[in-house]
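Structure provided below as structure tokens; questions to follow.
Order of writing sets the chain letters: A, B, C, D and E. Residues in each chain are counted from 1.
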Amino acid sequence: METRLLTCLQALVSLSLSPLPGRPLTRLCCPAPTKCSFSSHRRRIHSSLSPLDPRCSAVCRSDVFAAASCSTAASKRTLWFGFLFATGWGGDLAHTACSSPPSRLRISLSHRRTLVGSATVIGEENGVIPQANGSARVRLGATDVIVSIKAELGKPHPLQPDKGKVAIFIDCSPTAAPMFEGRGGEELSTELSFALQRCLLGGRSGAGAGIDLSSLVIVEGKVCWDLYIDGLVVSSDGNLLDALAAAIKVALSNTGIPKVTVNLGASPNDQPDVDVSDEEFLQFDTSGVPVVVTLTKVGRHYIVDATSEEESQMSSAVSISVNQHGHICGLTKRGGAGLDPSVILDMISVAKHVGEQLMSILDSEIAAAEASAEDQ
Amino acid sequence: MATNPSTYALSQSSESKQRLQQRRRLFQETDWTRSDGRSFHQCRPAFLRTGATNAASGSAYAEFGVTKVIVSVFGPRESKKAMMYSGTGRLNCNVSYTTFSTPVRGQGSDHKEYSSMLHKALEGAIILETFPKTTVDVFALVLESGGGDLPVIITCASLALADAGIMMYDLVASVSVSCFGRNLVIDPTSEEEACQDGALMITCMPARNEVTQLTLTGEWTTAKINEAMELCLDACSKLAEVVRSCLKEAASG
Amino acid sequence: MGAMTVDRADGRSANQLRPLACSRNILHRAHGSARWSQGDTIVLAAVYGPKAGTKKGENPEKASIEVIWKPKTGQIGKLEKEYEMILKRTLQSVCLMTIHPNTTTSIIVQVFGDDGALLPCAINASCAALVDAGIPLKHLAVAICCGLTEGGSVILDPTRAEEQKIQAFAYLVFPNSPLSVLPSAPSAEDDAPIENGIITSVTHGVMPVVEYFNCLERGRAACAKISEFHRRSLESQVPVVARKQTFEVLWWPHTLTAWPEFHGFACNLSEADVLTVACCCMDMPRT
Amino acid sequence: MEYVDSLTGFRLDGRRPTDMRQIRGEIGVVPKADGSALFEMGNTKVIAAIYGPREVQNKSQQVNNQALVRCEYSMANFSTGDRARRPKGDRRSTEISLVIRQTMEACILTHLMPRSQIDIFVQVLQADGGTRSACINAATLALADAGIPMCDIVTSCSAGYLSSTPLLDLNYIEDSAGGPDVTVGILAKMDKVTLLQMDAKLPLDIFENVMQLAIEGCKAIAQYIRGVLLENTKQLEYRKGV
Amino acid sequence: MAASSTSGSGRDIGGSGGGLAAGEMEVEAYRRLFPLPFYERHLLDSVRPDARPLHRARDTSIALGPVASADGSALVKIGDTTMLAAIKLEVMTPSADAPDEGSLAIEFHMPPICSPIVRPGRPAEVAPVISKQLSDVIVSSGMINLKELSLISGKAAWMAYLDIYCLNADGSLFDAALLSAISSFSHLQIPLVSLSDDGRVVAVPGDLLEDKSTPELVNKERKLLLHSIPFSLTCILHKKYILADPTAEEESIMETSITVVLDSSERLVSIYKPGGSVLAHTSTVKDCIVLTKHRMKELQNILEDSLSAMEVV
């Protein structure tokens, strides 16, 4: 069965057809039908990007679709927005792919529709989890993750007195897959947690951190915010890391950190009194938070946003986090098969390109969500 | 001794704390000398031996500066009963630390992150098809930690696997590089690791020119990644030579 | 040597054991069980098995023994782990391991009271429980604790308070003396009778070598008495009537304190039924 | 603390004593599962996913004449007000898992699926009292979504007794007041009680009232769940073009 | 036949290089298939498969100070059995009923690398038992005067964490562990400390000792005085044979073992015989004690040699 699936998948990929109905690898068409009504506002960008494969001189066309729709339910306003985009060679690829000479690699990318939901609970802050400081739910096809952010007062690490602390914990709910039952999800959970930490928190010295830790300090060496980022995988259909990273970015964008007033104690050794305001909140700057792009290698191709079916046949996958400057903030490799160093460098340049687009879409949608929240 | 009272390790007096601060500032400058006198692109001397534990199918001991590691390989042997049937072999990795491996006494527990990283680094190099239905266990114990622990564990594990006669595509060598401002420093010590801006670790099979594992933290430009990768790949192939000569020595001796 | 006069808190002489008691077949679900007490040290042992299969790591060509130690309170620690191992190895040497190959016999040892000489008491209880379960044995293992006081005299079966005070003590386990109708088989290895051999010896504290041999001698003599007791209690076995456990409902006059959860398997009750049951429970005299 | 305003008779969150919180059920929230549902009771929000009937994973647990029903209850780290890392398999979640398993097992026609296994996974996203009931209701919806044969639908609701008033559907504040909390599960159509839990003192006549109130709550939920299932079936019909 | 076999390694026959002659292969096969008769044939000739006489222990070596980050450490090898012990001192507040005494915490670890029996996450059954035995023996022998570990009566005292790691388990684990424990205690260098302003005990770096501004030292002694050091020997009892210092293979084939611990003044610290099918008669116990006395002399010499070697360096 497994080998059959593999050959089938490979056949499909080499024909540049996605095994999912309605999701070609290189050409756009309507997303797979879902329950949610999808009134789309469509942006089509035709631009000549530098070719992804330096040996191939074909013009790369980028199609970016973004869609947002608002539906107002009786008691709560639900806001959905989604995007889907693809990069690849123009033309009718289903045919050219077959006839084209076996180039080193063909890059065929298409994200599933991402639904980032921030349900607004009556008169409160945006967020799916009302008791958290910030939260978000991201759906990527059948993958569904929830991220909640909680800020608590803590003490800075003695070796880094001018920085706050961030902890990332990911949990895989058994609802997502029976194999996560009991302690079965632990391995994946810790792997995801570590990968996200690597991508978001920068080096040991704190350089290159996506979350500005020094903004979390209240009194140097005494009081700081401890940011707890809790992720929960509710439904899993591949590409968990990208979904979680996007959810963290969105959740951080609607995170309100309470304003504090500090009364310094009489002597410098005293623990200062901290007054936490429950009315005024400070917004978090999320422009520096990187996005994660996972490129999964199936056969000779690498694809973005692999479903679990596609992941089951992958030889290896590289997750690359890209920030707004186009710098690489973290990289992890999964899967056993080795990769040629030049392929990795090539993947990095593709990820940079995809990441830029993902970033701009996420940013604009966050802005739109904020704007509409303020309107309310 | 059921309830041990809470204890604390001796903290260094304030002078040495200042020294640490000084070092940290020093690392930000463009030119400084490393505490062990190496140049930026020079690795620590590597000492490798096979046959550390005779109860295992294969084992190896590695000493890179202060870092000391023992890896034992068991199997191929019967998989756990709960495991489902598998046509290919399984690889099971575990990394643990001794309580005295770090300057402050630790818990000496398993290191889950390193265990899974070791697994990922090795599985691509082992020909799992050669031992269907069975498991090869790779267990590592870090006797003393002095920086670059994971690369040392991975390299030592590949030597132990070769000692155990497990079929591999190629030997695996691993090297890490730290980034300080503009400088790239290869094979960092734990003191350097504590202050680094970013790190890149490569595990590769030099003869096949394949990267089996790559991790990166901190902010990097593509050009710098390029430079660091080249540096590491070069060091990996040299390290693999050392491993190879150690195996030859063991076979002839 | 002789028995020097030693002052013991409970007025015993140095050679005197605390009152022994043994009752068997007290748990009706276990295959064999025994409760053994030496003064206030009380241990209940239950035997389950032989069950099919052995654990990984055990020799499947032989029977395997598993010991689970349940302390009176709290979690199992290093001391209990050590006891488990000693008990397991001791019982292994007593059982005929080749009769039921590839089976596991579990012995659960529950401590009720610890007033010194806990391990010997547990060994005696487990042995009685093995007999009760009908597990084939070579002979019984009889255990005793010998203490060495600061003054250099040996006391038997010390209490907990004595154990803590004395300089050293030894837990010794001997086989019981066989009552054989056959003339004793010519022992190939040694001329010494089997009851002189030590099955298990565990010592605590520093003692001169001669004192250890002194302990051995005294322990051996005491073990002969204990094995006599063992034999008598086995012979006079009275079948114990197993009491059926009754369904208990917590109640307080006119108030339900706790409603034991019930989840309908076959008995989906109607609302009226529930109340009837509740009323019935409350009318029921408390037993 | 005053849990029921003596003047207006309203509860802390503005409900009347016999009011239930707003309930909402949604089918099919986990696309990969065989059946799934989300159930909300006010701020309490749970997801249930069903996997099965499928081959028994652990052969030693296989039952030859009926299906094996298993359940795991887990709480998200962020489900309560104070963030806490929850180790899996603590006493509370084991107990609730058992309660849910036994309750659902009673209504599933297990004898129709011998030698198979049905897994019920419930995940609490937000906990604001009555998680037990919400989980059972979610599990019922999810089982129906998975098409698992049941003799009836089980619904559950809790009721308590505070400030000398029987209160329906306690929220977290009322639940933690320490008063009696009666959780009832009923088979709606057969009108039978299948789950009853209480761990506090209560005089019998009051217990009767409180239980009656909880049963009324269950019936109301059953009404709602029937509606949700009906709507879902219509959708299915429509999609299949029947 | 006796000389033909190699040390008791558990490796595959095929893995040990194809150079074995056909006759030797048969011996190896016989050893694996019928281990007990194989051993009994050897015992008849009063020799063991590794060419040792029955009463001789394996070669023993002690290396002091292999762990730089510890205050005292030792690597002990008895045959192939390898133990790495290290002591780390930390500061604690002594308990009220013993205000001028420090404390010991002894832990014996069997990491998965040491033996095929141990798997990660499931510690070996014997590890806690040996831990317990070790701390019993070390505490009851009175080797260490806990008062020497006191710093400031009632305020601060040393807590000595002794962690022993078995790197290679090839029989007689307790003997090797005990030897590594006493070796690391004899290597222990107590750091010189002073009291800081906030009442914590801090280390005084070596280069500041001459400095006048350094606060007053709390302690002066850098070495512990070890009284009556315990030494042990494990023997296997099989029929009427006594095999000193068994390997793992011997332990697995012949199950009855007896461990005798004597201190340097030849008093008995422990006789440990947990069950076993062979009964120990008084004469056997006496023989074991005599063997232990011989072994103690050997071990004392080895320990002294390694200590003096260290001082020379």
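In the analysis below, a contact is a pair of C-beta atoms (placed from the backbone, for glycine too) under 8 Å apart; a residue touches a chain by one contact, two chains touch by 3 or more.
Nothing here was measured: the structure is a model prediction, and the numbers come from that model.
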Labels of chains that are neighbours to subunit A and to subunit E: B
Chain ID, smallest distance between chain and overall C-alpha centroids: B
Winner on C-beta contact pairs when C-E is weighed against B-E: B-E
Averaged-CA centre spacing for the pair subunit D and subunit A, given as whole angstrom: 33
Chain centre separation in whole Å, for subunit D relative to subunit B (CA means): 50
Distance from the mean Cα position of subunit C to that of subunit B, given in whole angstrom: 51
Shared-contact residues (touching 2 or more other chains) in subunit A: none
Multi-partner residues of subunit E (at least 2 other chains): none
Numbers and ranges of subunit D residues touching at least 2 other chains: none
Subunit B - residues contacting subunit A, complex: 24, 27, 112-113, 116, 120, 123-125, 179, 193-199, 204-205, 208-222, 225-226, 229, 233
Touching residues on subunit E, where the partner in the complex is subunit C: 117, 125-126, 128-129, 131-133, 136, 140-142, 239-240, 255-256, 258, 263, 266-277, 279-283, 285, 289
Contacting residues of subunit A [partner subunit B, same complex]: 159, 187, 190-191, 194, 198, 201-205, 207-208, 316, 318, 323, 327-341, 344-345, 348-349, 352
Contacting residues of subunit D [partner subunit A, same complex]: 22, 28-33, 36, 43, 47-49, 51, 57, 72, 74, 76-78, 80-81, 83, 85, 88-89, 119, 121-123, 125-126
Contact footprint of subunit D on subunit A as seen in their complex: 35, 75, 129-132, 135, 141-142, 144, 146, 148, 150, 152, 169, 171, 173-178, 181-183, 228, 230, 232, 234-237, 308
